[in-house]
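First the structure, in the form of structure tokens, and then the observations on it.
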Amino acid sequence: MPLVSTNRLHKFFGKNHVLRGIKLDVEEGEVVTIVGRSGSGKSTLLRTLNGLESIDDGIIEVDGAKLEVDCADAASLRALRLKVGMVFQQFNLFPHLSAGQNVMLAPQVVKGTAKSETEDIARRMLERVGLAEKFDAFPDQLSGGQQQRVAVARAIVNDPVIILGDEPTGNLDSRTAEEIMALFQDLNSAGKTVILVTHEQDIAEHCKRIIRFRDGHIISDEKVASPADARQILAKMPAGDEMVTHV
Amino acid sequence: MAYQFDFTFIPDYAGMLAQGVAYTVGLTVVGGTLGIGIGIGGAISRLWNVRPFGELYRYYVELFRNTPFLVQLFLIFFGLPSLGIKLEAWQAAILAMVLNLGAYSTEIIRAGLQATPRGQLEAADSLAFTRWQIFLHVMLRPALRKVWPALSSQVVITMLGSSVCSQISTEELTFVANFIQSRNFRAFETYFLTTGMYFALALLIRQTMHLIGRYLIVRRPSR
Amino acid sequence: MMSFSLWDIVRNLLIGGALTLLLSLVAFVLGGATGMLVLLARIGKWRAPRALAQMHIELFQGTPLLLQLFTLFFGLSLFGLDVPAWLAAGLGLTLFTSAFLAEIWRGCVEAVPRGQWEASSCLAMTYWEQMRHVILPQAMRLSIAPTVGFAVQVVKGTAVTSIIGFAELTKTGSMIANATYQPFLVYSLVALGYFILCYPLSHYAQSLERKLHAAR
């Protein structure tokens, strides 16, 4: 059984039909990249997977947690979100909390874990993203890449099975972007399933599967054997869907 | 509760209430127009530090923003005569409103002017605009557009504040209400009704300011 | 006729000024507490409290303070209550303050970027957990400057309570002006009294504002 499964997924923004009957299955351990031009609906799809956007029709199932239309009660939403971690383009760290506190907040508040224990957890998480020494630093004292590492640590603190990334390297220079991608690969090796939205070619080359998105539809869905293979798939993009390549 | 509400006095006093409303609107229109005028002058003097106006405006703004309108009104109406300046109640009321709103709008408009992007000033400079041309053609309209909501709120606040002009016998809406309740002994009903009328006036003025903003300031060339 | 020395005038004004200060403090503290409740209702999820809070805010922001005081004063006496001026003044200003502070604070809550809501949602926090741990702490930081700024409006607002007979600074001033026939001097001193109370607050609010802008 697939880990993530959506069926007949529809979403409207007013009159704008942004998701038009999406059917998508993702198996455990995959690294999936969704590409497409801005406004194609790829971000919206990602955001429906943890309930950031409600859906107008269809069903989403993540590791046994279900989301249906009109059925997004608090308990099922919470169950879903504990299974899904999210990393944003703008990092979205909490500016009034230190890096460590950013990571500690969820276990402390959501799971009710004791403070001493959450501190240990947070230190382990920050260590895992290579920022153990920045525990007490505040977001505005960190570089973009460091902030995104903290955001990744925060996203995995609930021990989710899936990590979503919405253009996670979109605000970073190419070298830092590579480092963040390496981080996602580490997480994947450790058993996490990763789904990324991007319009950067070098990011898409890292994945095991590329889904192309256009006008609310999936227009292709192909397994990737190697970076060269990925380049070939991305080269087939129709005009207007060009990828950005880092120089 | 045994009390019976009685609003039957309204028809008898409808004409007076209408006059009170007209008076309040009149005060607001004159006060608003002149006040915003003073604000524009003040903002530019402060911004360019025009001597000696920039400095004078600074004291004026601080003085009027840090004292109550009621005290300003009393000082003008009761205090100035001892300096030989005798004003009618309506003149004192308008003067107080103009000066009060002028102080606030100076600061509001100044903030708008200061927000002019530097690139636009440089572009205008490079086209050999004079300082006044830059002010008129590059700075003023976008600044007013930006601060129009704040300015509108301030005009509404000034209108609501004008109710204390009843204390120097300016025959505006609250004065009329005081008169009516002294005749009909229905103080609660009278003030309740008047409060509702002010509420409606506030909406009306906000709407009018919105329209003025839309047609006078935001107007763009038609496509 | 009694004769007043300058010191007599100043001494009486100081007493009035103390009452102005006291009334301002009471209105600000109680108004702040009430305003917090109004805010929570206004930004909460339940429809009826939200509508009530919005009505409260619009009514008190959209009508003259003087008329609020009159209506309250005469409205309470309909219940057979003999309302002393200080009570009507305190109650009226508290309600007035609560409406403005609730609206100011709502603006601060809304100024917290949407990403903060999203990031905390993704961590499976409930609405109130998000409010308490993520949104309000940030909104609070934004709110300090405008809140201090509004304190100036509260102090100035107390002057209106002189009209319903509360013997604060302005009322004291009127009485002395009538007794001494020196209205210009007396009202100037009254204005000075308010200025002494308000200017430091205005100045502090402005410097807080600048600091906040510089920090971004």
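Each chain gets a letter, A, B and C, in the order it is written, and its residues are counted from 1.
As a convention for this text, contacts are C-beta pairs under 8 Å (C-beta built on N, C-alpha and C of every residue); 3 or more make two chains touch, one makes a residue touch a chain.
What you are looking at is a predicted structure, and each value in this text was computed from that prediction instead of being measured.
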Quiz item: Does B-C or A-C have the larger number of C-beta pairs in contact?
Solution: B-C
Quiz item: Which chain maximises the distance between its CA centroid and that of chain B?
Solution: A
Practice problem: Give me the ID of the chain with the smallest distance between its Cα centroid and the all-protein Cα centroid. | Solution: C
Practice problem: Express in whole angstrom the distance between the two chain centres, defined as the mean CA positions of chain A and chain B. | Solution: 52
Quiz item: Distance-wise, how many Å sit between the C-alpha centres of chain B and chain C, to the nearest whole number?
Solution: 20
Self-check item: Interchain centroid distance [CA atoms averaged], chain A/chain C, Å
Solution: 46
Exercise. Please give the residue numbers of chain B that touch chain C in the complex, ascending.
Key: 1, 3, 62-63, 65-72, 74-75, 78-83, 156, 160-164, 166-167, 174, 177, 187-188, 191-192, 194-195, 198-199, 202-203
Quiz item: Can you list the residues on chain C that touch chain A in the complex?
Solution: 113, 115-116, 118-126, 129, 133-134, 137-138, 141
Quiz prompt | In the complex, chain C residues that touch chain B | solution = 59, 62-68, 70-71, 74-75, 77-79, 152, 156-160, 162-163, 170, 173-174, 177, 182-184, 187-188, 190-191, 194-195, 198-199, 202
Quiz item: Which part of chain A faces chain C closely enough to touch in the complex?
Solution: 50-52, 74, 77-78, 81-82, 84-86, 88, 90, 92-96, 105-106, 109-110, 151, 154-155, 157-158
